[in-house]
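Have a look at the structure below, then the notes.
The chains carry the letters A, B, C and D, assigned in the order they are written, with residues numbered from 1 in each.
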């Protein structure tokens, strides 16, 4: 019933240094990043050489429902919201992970995925490292702990030279905040200013929420270090091509975020306009699938002159504790996530705008909903190219076998979802929304559409399948700690 | 920070008779009605002469988080979601209320407000009735219990002859479902069909969700009785003028609901079109306040030709357990409910569409947000007339003293909220959206705009103020019962 | 496995008037009375004409786990711990019950049982009273509310003239504490002094705990009224014979309580001495079943000269949330409540002292435990007469059909429990422990041993069976309220 | 008020291999061991190469209140109950700790304390080991992980060669249960048989509870390995003198346990008899402090001929969520843990038997209670020698500065606690209860009485003080995991 048929972002990260209410600021920033992960959340703070942390399963507001933020004192804090990708959804895998090392306490919040985490872990275990979670974030910490006699920054650099993948990492030590973005820039990370304090966040919308100013994106490969002496930036040793994730713009990010210089809402609206021009449809009304496709639908409506209508309504009250309907009720047609608005749809030819099709099941259901509500025709237009290949850099789609576009033509997908017509954007059209002419070089990762991965991907596909098997064991739980 | 500056709907009700999974159906229907009240929820069911109930504070999904629906067996059930108006927000005031009478068990779910509840209660207490809640719903039950030797239907009729106000009542006895709408139709109630079962709901969107068919609105004053022999309808003894609530259309109801013959989204879009024609504004973009004003904004954009943009983003993850920010952070500009999208707003003249202004504080904040995000002008257009008088029929606004339009001119309000221009609809313009020409008779209650109440209102204003003082004592709690 | 094979006391009550921390005092007093009921608990307090209450299922410490006692302000409070007898174990049946009447708020905590509650309820329902619980306590409140124009004291008196049964009632109104004991004194109630404040409690051990002084027992039929003017006592209109409950001394009460002039531990020890003299046994060691039979065992050991040993150990950590063992483990011999101490028992002839035998299942199990631990003989001596008749005054035993002594001879019971010998006290021997010579009149109710009830008992036996069928539906829940 | 004035046992451990319901068996065994630690509990099980675990703060029944035991599948499981000694009381410090190593998953439950844990941790951190808790148990796991290329047994042996202290360790790997007792036998560990399965437990009372048979104690230094091939025992490489903990017998262990050949109850009773003979007192009654001193009191009464009475009653309902009384009520005399029985005590000369005096505060309070209840004289007799030195092997007493006997003579202590007379056993008398003649060698650790530690103790005293400062941060929490 409540099939989740979208790529699922794995995480949002945040960090702040130099603010008297660091944990509280982190809490509100994570509220703004909650769309990036609703399965677990946590905050760690540092004061007087001691590390305080609390993390748990569920929404941030649930995890902190009975834990006063005063229990996380100090002027520096990092936080994390998580949608489980690698590793089961247990509280051990919630972040930030906090460990004790010979250099003091170290906490880490991580957005992304390492493609060689498995091999590194096997190697580390052979050398006597103990793992207490199944997340690949712990691998990074072990590499740092074993990096030797250098400074923390040097040890992080040494560790990161060994890992391959997409990541935005935010570290908190007893006296510094350190943030690093992977060399390709596969995962986003932004820098902000809040009075005298510095902050980093997965998306700039977090700055808006806490009253901070968005300064700039952290550069691919850049390391940002903030301590009592202020902010320092450490550029990457060697530059590699930028490979920014287009799917952040297409689906994940909040429309009010600016990522790598583009506003998310503006890009989506532009994708809608391009769709209208390149893949027009005869319809009486344009309907976007709420919430992520509303911008694209508005662009389509604007460019096509077909009026935009609210023909689908999303139910906002389906929380974690929601009781799944019995098979009997499902068969009888209980529909919980989306309702079609009969008065809007009845007797109309509908142009339905969606941001992507992953497995196709949701699209089929929506087309059916619209027809049952009286739509005479349903023309589906997708504001991205066909999604054909699994992402290995931090996005939890299905395995390749479940991606409908991996094994079906557009016509076959059209038939499968029951639409009267169906069209996708091409990669060139997608790139044109960012201002790149057809055939020109562009700084994006489009591997999910093209299969051209910017890094070696090792045995990721195999691993993804295995991991999923072990998910969803634990109830809503939390864990609180003090170290030092 | 999270000021709630809208009229707050008090309740949604639902009932079903003749379905093997009656409580489960009620659960999903209440999910669709959750926007009508998030402070308490409950379900009662009946089987074999015994009444089962569970109710508690919080969202429905929280209230039933660890209570299997199988504990509420039977083929008939009623449910309720509540936004506390009269009576404190304690679990005793959660509904359905279940009582034992000489005619067996009786459960009641109530949307609305009785203007003479207080006098009736004093009278009943004098006669030896015991009250276990502070809700006026309990008054109705006492009147029924004392109505004498008649049938349950006759006793309900006798009781309702004594009450004045707006209500949609859904009763569950050991063998029947009874639904009644007040004589003026001040509160909505709809009838639906789910296979062989009959259902009633505050809004038709609940039927869509559970796979039921919307049959028709329950008529003002009509009583619907469903038992094993089927459905019977009992018309009102005497007809009084219809006084349907316009605010359901303007703000409360879900856009996919049809109420009394009008689709909510369509009315809102039409209000936006009329606004554009009658109260035009010079702007570069149109922005609606999410979520309720998006339809009106789309209508305004369509009629004015000014493009609709998503310039405000609402945070969807502010749950009941949300930790309020400290004064310090509030002063520093933490903003949690809405973010302005700088890339959209910066350097633009914004036409801001909102559905209503109650106290004015939210409007001021939004105008400020937009200006901080770079808007060069902000022209506010409100898709309803100035809200000047307290509602006494089930809508929890502030007391009259807090209604900004009760004591300020439009120009004063404009100044107060910091807009460059401000305009409201007139009542005539509002009515024209429903198809009623200026000056013609219309079947609506516009008392909140005009002060012309369709019933005597007794000492309601005084009561409303007193009641508020005692609210908000209890933590999230629930209560479960079996009677009979 | 964890068969509960003892009569179960239904309630403990407490009240205090004139103490600045009335609710807190009540909390600690209820801790001392918790042995009288572990299924539900609650406190109500009054301040400035408003009544505050919180009650829920489970131990007092659980019910108040996240409810600060400051939420129950005022200088007067009453409290209740409950073992469900009449009425299901739902939070609606938790006490104190708080109602609104034309004379203001009224809260009631009740220990005992009314034998004519059912008829009274039917009559009240016919007159239009609404019942929101299934407890007979609510009946008392309705009778008071309907008693007419008198003062609260007069109305309570009028109500109590209509009820028959055993009760200790503690009322809290907006300005007074009122305590009443039933005319026969079937349920205990004691009066204490705490500085300037007055307190009443089911047992005097509560006074010890809160640092109060035990003043005297409340007399059968006496009403105690405490308000700002001080304490007044209102004697019964007509005296009836005292019928004090012997089972309070035999099993229920805490050994450190004094009830009606006798110390509980002293009585039990005396019963053990009498057992040893009248029903001697040849054994190597005396073992008492912990905890209630340790006093009697000490008396038996003292009088017989056989050494007292700790041969059975009770597990103290079986809480409400305990997971019941699977049938498989039960069959395999998991034993959770009691362990036999092999080193003590092995090769010995054991004299096992227990306070009573109700169904016989526990006795059989203990005898078996001792034999498995190597006891060569087990001689069971019971420090009370055979329990043959159901109590109708507030003690939840089984229905008569389950009382093993109702249908079996002593020899048959001996065989059933597998003992080498078995003896009970006679009623005369029991009475002699209190100082009453054989054949002389005594002021006790021994109905459970003799079947001679001091009041008519109506259809109680039938009711008891019906009620049990509906018990145990709800999870641990609580409810909080403010009235007035 | 509720001063805890006893040495606090830190842990109980249990393990079972070869039982179809291994986790369930562990649950009930831990119930029987719950007296050894009430602050945290957990269970880990293994099935098909995967490790399942759940642990949390609070009583076992609370930790598993909403976690079905079916979530811990498999035929082998280990469990732990904890009273925090080293390391704060956070869920990270709850056990069993589960880690991933190059040899697969490994879980560990630990009772005891390592005196060189701190130095080992610093060394390990320098080598790149990451610590996720502050417990010294994690040190053992790191040592094993780094032990190299040997088998798991060899690696454990290598690790244990580096640690100094008292311990009973129970490991669970993917295919074996391994139990080890420290070379001196400072902490107890017993072996049992449950059908075809083998079990180990801190105390034999756990076997009684689960229907298992107590086979024998695990020998000091012995390692027990149980896998699908059966049980193997690996004797210590080198024998060191037995140094069994006398305090297990004096205070910690359950009276129904047999430890190292002595029954706990029998030893205690014998200590009471010796007290009576060597340190007689003139009294009318003997009273033991419940529960741990009842056996000794019975022995004293038997040997002295003075009758044993129940003059102190313990409140059994003070749970973890108990609300501490305000200072005001404390000053006013609220007494929650123990009540004196006036009817028993009044006018009597009391001989009070207690097992030990640690800080003296509880003793003073009890003497005062008895005097307030009318005792004319109070003669205190302690069934152990003066407790003068901190234990470093797993018992959480106060630091040496808080041990009253470390800095006061017996006469000074007598005065401090307000007794009429006071006497302790001598170490020789204590040893004689176990059958060792004065001056003869005995296999016990009496360091807490003599200061003669059987191992070097490093900087333990300093560490103990530091650690305590960081305790008690977290609310009741739990964590659940699946590894492998």
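The criterion applied here is as follows: a residue touches a chain if its C-beta (ideal position, glycine included) is under 8 Å from a C-beta of that chain, and two chains touch if they have at least 3 such contacts.
Because the structure is a prediction, the values reported are computed rather than measured.
Number of steps on the shortest path from chain B to chain D, with steps defined by chain touch: 2. The most distant chain from chain D, with centres taken as the mean of CA atoms, is B.
Chain A and chain D, compared by their mean Cα positions, are separated by 48 Å.
Mean C-alpha positions place chain C and chain D at a centre distance of 35 Å.
The multi-chain contact residues of chain A, meaning those touching 2 or more other chains, are 66.
Chain-to-chain contact here is organised cyclically: the chains close a single ring, every chain touching exactly two others.
By the touch rule above, chain A contacts chain D in their complex via residues 50, 56, 66-67, 71, 88, 90-92, 97-102, 121-122, 125-126, 128-132, 134, 138, 141-142, 145-148, 470, 473-475, 477-484. Put simply, chain C touches chain D in their complex at residues 20-21, 24-25, 27-28, 31-32, 34-35, 38, 59-62, 64-65, 69, 194-195, 205, 208-211, 214, 254-256, 258, 263, 265-266, 269, 294-295, 298, 302, 307-310, 313, 315-323, 325-326, 328-329, 332-336, 339-344.
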